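Think of it as A, B, C and D in the order they're written, each chain with its own count starting at 1.
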Amino acid sequence: MVVSYDLDPDADPAGLTYTFGGAAPVMSIKPGTALSTWTRDCFAGRVRSASDRVSEVCDPRFINPQTGPFYVEGAEPGDTLAVHFVSIEPREARGVSTTVPFFGALTGTGTTALLHEALPERTWIYEIDREARLVRYSALESPYEVDLPLDPMHGTVGVAPALGEVRNSLAPGDWGGNMDTPEMRAGTTCYLGVNVEGALFSFGDGHARQGEGETCGVAVETAMDTVVIVDLIKGMPCPWPRLESDDFIIATGSAKPLEDAFRIAHAELTKWLAAETGLSTLDAYQLVSQAALTPVANVVDTVYTMTAKLPKAVLKGAAPMGGTHARLRAMAAAL
Amino acid sequence: MVVSYDLDPDADPAGLTYTFGGAAPVMSIKPGTALSTWTRDCFAGRVRSASDRVSEVCDPRFINPQTGPFYVEGAEPGDTLAVHFVSIEPREARGVSTTVPFFGALTGTGTTALLHEALPERTWIYEIDREARLVRYSALESPYEVDLPLDPMHGTVGVAPALGEVRNSLAPGDWGGNMDTPEMRAGTTCYLGVNVEGALFSFGDGHARQGEGETCGVAVETAMDTVVIVDLIKGMPCPWPRLESDDFIIATGSAKPLEDAFRIAHAELTKWLAAETGLSTLDAYQLVSQAALTPVANVVDTVYTMTAKLPKAVLKGAAPMGGTHARLRAMAAAL
Amino acid sequence: MVVSYDLDPDADPAGLTYTFGGAAPVMSIKPGTALSTWTRDCFAGRVRSASDRVSEVCDPRFINPQTGPFYVEGAEPGDTLAVHFVSIEPREARGVSTTVPFFGALTGTGTTALLHEALPERTWIYEIDREARLVRYSALESPYEVDLPLDPMHGTVGVAPALGEVRNSLAPGDWGGNMDTPEMRAGTTCYLGVNVEGALFSFGDGHARQGEGETCGVAVETAMDTVVIVDLIKGMPCPWPRLESDDFIIATGSAKPLEDAFRIAHAELTKWLAAETGLSTLDAYQLVSQAALTPVANVVDTVYTMTAKLPKAVLKGAAPMGGTHARLRAMAAAL
Amino acid sequence: MVVSYDLDPDADPAGLTYTFGGAAPVMSIKPGTALSTWTRDCFAGRVRSASDRVSEVCDPRFINPQTGPFYVEGAEPGDTLAVHFVSIEPREARGVSTTVPFFGALTGTGTTALLHEALPERTWIYEIDREARLVRYSALESPYEVDLPLDPMHGTVGVAPALGEVRNSLAPGDWGGNMDTPEMRAGTTCYLGVNVEGALFSFGDGHARQGEGETCGVAVETAMDTVVIVDLIKGMPCPWPRLESDDFIIATGSAKPLEDAFRIAHAELTKWLAAETGLSTLDAYQLVSQAALTPVANVVDTVYTMTAKLPKAVLKGAAPMGGTHARLRAMAAAL
């Protein structure tokens, strides 16, 4: 059974959801529900042409609107929410990227506070060919064009944080949020520790694709049609968001400096591997050291996000997180 | 006129204020009010003897209770709240410090995530001699005792954050919060940019004294009797908390890595100096480079805090922030 | 023509090469030379069984011996050395990995100086099956075994540094050195800016494989039989080491914190892309942001190393670095 | 007895000493020698007027010349060199400061590699009044002038590094080098661990004064007339440079990110305090946490330097480092 949740495309941006925690649920769903919905792009659709500047057309209070929060029945602190992405498809044949003043990995920022002027503000429009599964980059200052693979994903996926906090949708952390990892694509299950009753799950920030690290701070931003299955693992905590695909288990860490994000992701992967295989911590540390892949997620958000991936072959048949991914994969296939 | 706000010393910890933002005001005050109140210690009084362990006697959800929030009439986003500390005095003749598992500058932590066991958990009780203005350190594992100067201060001072966020009282940031700077002593004015109507000012975390950096993460923690004058500077923004004493202007920055906190504090001090003196940005950068003092505040909280101090002699008579500190100093003298 | 350079397997470790710069050349070679040689493992063969501890069997002054330096005729500051790895093959059917006290990503270290005891010191012996192209991991504390793909590479490749410096072979930097990137495999060309006459090229630190990040600080360490072609690009500087394979151009950066390594690698990749395609800096920044892959190299050495990879398809036929890789690839095929 | 070592003021910059390690000693001295000499400014005198630009008048290979190295008879690895600064006096009545492209705390740099243009290059000339003990700041873009206290010091003090390394005089580290701490003033003793026979001590980079952090990267640079007593503590290692004044013991740490420099300095101060007083490590950690002062040294060099200071009163009469400072202080008084 698929439940639909629709958005009003003409809603006032001021009334949308921009936080994890602190917002009333838009809908209550039972564990195991397949939810069909869509998400606005991170600019709420305000950047429409190459002449639109983010600093002119967007209100800084209303960036990165989320779809949700969804109240998951029975979810309690200490449980883990499992969100399986069944499909993620761009709603339109175009995406947009920009530079944003004092935002990005290769510019001074509000916290890497320097005395430079901002880099020039620019907007790039990408043509998206959903049939050919391509996005087309076109340079602004020369005739250079090149096609890149379409690889749709959600930059922002999360639940309400712990300790009574409410966090803006631009921030990543142990509640998920704006992790901006290209691993969050269709076919992947995301595990999130539940901090409050009902979990209060939201997501958004669709990217037609992004480079690892999301270097300039803005991916190929698009509204997305997305189907997720939302499930619950009772009594199993999950201190940091985890992902699982058919081929990999993936731990995440979000922190600054970037080596701390690396440390979190690898300490979590070590513990996860040990838990699934019975390896001692030192033996798991050793195996992670030789087998992990480490694509960067983002080096641009309020804190940075790293992922640490382990091929499932290394697990020799162990079924991670109680076999949840395989189960949800089968449910998705049956939709 | 002094307004009093009293706390119930027997209140249930679960009912206290542990966030900036997200809590209903306990009282409404007019700008210019002198407020006499007191603050619980960061453990809400739960650590009482050298055998008490934080991990055993405290609930992690109920650490660092704040007194407030106070709704300041007329405060709006874009204004600056000025909080002048008239007096800060330990309520009791003893303070407490501890190690806390995976918290502190010389241990692995939740974000500097390593595979070590936690350092041993210990509690030190300090005798406070309010007449002699001393706190007495006593070693646990040898008979060593030494007196240190009493230097009371508040570790946590802040307002509700921007962007609809609610932040735990353990976190410092541009809203103030858990900055843990020893500069926050009596005679000092703290400037905080207002993000929401009424500002929602709270404070707590009294320290009989602390070293710069608060290296182990816990100062000489005490309940405090405190008098503050709360005033408002209309129409003047303050992007990061500032302090002013009779002798210094002090900019703060809270971020990780620590060099980013340094950058924020010094970029803010440069801009502040330029604004008060008419110096160009580069001339102010040069003068800050030769004249600033840079005591570390904390290297232990969710992000780290640096302060950058400039002797007021460098300002050649300019009255910072429109002369607010001098005005509040005079009001305090007249109480 | 292939020139051979052999090592004395019984040489006193004290007489080997442990620095970039500061060592007399062992041989002079002409640009275009194919050099067949071998490298000791990073422990100079001292760690032979699971009961050998690095802290007991190795002298800290004699870690990571290099083969070289080779004086490249005609190399001058401002030129770029191109080192094409024709083949890299383990000399033996076994490799070794260890934990080393206060070394690695998930432990306190000499610079992340904490008060913890060192993690336990352990040694793992890996069986290498050169026919099946596998390395076998065997846990120490449980019977777990798993095969991982053999993927031989050199952790340390470099030239003499600039500014008269001599750097230990444990350090990575703009001269190359101990970058520990798994991209340094056979079929790859490494570009290194020349800082002194003759370049003084050395390499070593063979790994049968490593995870990205080399998390515990030690890969599957082996002596290697290696053939390289060493060539020279006159009059073209290369500020940071670059790699090129048939499918990717790869920029590197080595620094702390890790975000600075990321920034260097991506700023260099942006400039490289702009230089090869005529894109403006901002257009190149945008394209890198959507197309780059970012595997971590190491988060354990004196500074950390990041790589930023761009699929050559993005270059639309441009021949990077004047077509050097393609030329050396052809030379290698003709050997 | 005072030994003099004079420099040739007209020497070719290319022939001066720019490294720690790698240079032949200029003189051999016995432990206990008082050495009277002078040091060039960091630009070797090339920046002479407000119109001189560092990027135009200086060769990047010849920045920060050192006086030395001095071979100290009997010094061996495992000993500690004690350098007591008897007097440090500007040779001239003027000093110079500048901005330098991509160098400083509030600009992108070679490692915090961003896409900004360099900040404007400027030169400030300071008048030094040696009688009145003042340096006069004069703004370039407005008529602002202000006097600051003269506080002469040496930015660069060190010995040859370990592991056969040779390090440029712009780098700080465990060998000392370019620490740029304002604590290195007359009346202070600097302790440096010996890494090679003869220690090979050099120093330079005189500052008429600097702010803590040396924010723009350049202090009030001057040639200095300096008298030091060089002594040796046999058989006592010193893993990181230490300083001692009449009132404080001061540990240093040089690393990135800045929190690692903080960690090193505080871990060293903790161990030093424990060694002098018999306190356990945890008791010393606690006392450091409440009593240390933490002025930043530099946030601009190849790595950053922090100092951690403890008032000697805390030591209750213990004579640090075997009473060396008191002994050298007496020797200095008797000169």
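General observations
Everything below uses one rule, namely that a contact is a pair of C-beta atoms (placed from the backbone, for glycine too) under 8 Å apart; a residue touches a chain by one contact, two chains touch by 3 or more.
If you're wondering where the values come from, they're calculated on a predicted model, not measured in any experiment.
Distance from the centre of chain B peaks at C, each centre being the average of the chain's Cα atoms.
Inter-chain centre distance (chain B to chain D, centres taken as mean C-alpha positions): 33 Å.
For the pair chain A and chain B, the distance between mean C-alpha positions equals 35 Å. Centre-to-centre separation of chain A and chain D, using mean CA positions: 47 Å.
Of all residues in chain D, those that touch two or more other chains are 106, 112-115, 119, 256-257, 263, 267, 270, 282, 285. Contacts between chains leave no pair untouched here, as each chain touches all the others.
Chain C makes touch with chain B in their complex at residues 106-108, 112-117, 119, 257.
Considering their complex, residues 18-19, 21-22, 61, 110-115, 163-168, 170, 253, 255-257, 260, 263-264, 267-268, 270, 281-282, 285, 303 of chain C touch chain D.
For chain B in complex with chain D, the touching residues are 97, 99, 105-106, 119-120, 122, 124, 135, 137, 139-142, 144, 146, 148, 209-220, 256-259, 262-263, 266-267, 270, 277-280, 282-283, 285-296, 299, 304, 306, 308, 313-314, 316.
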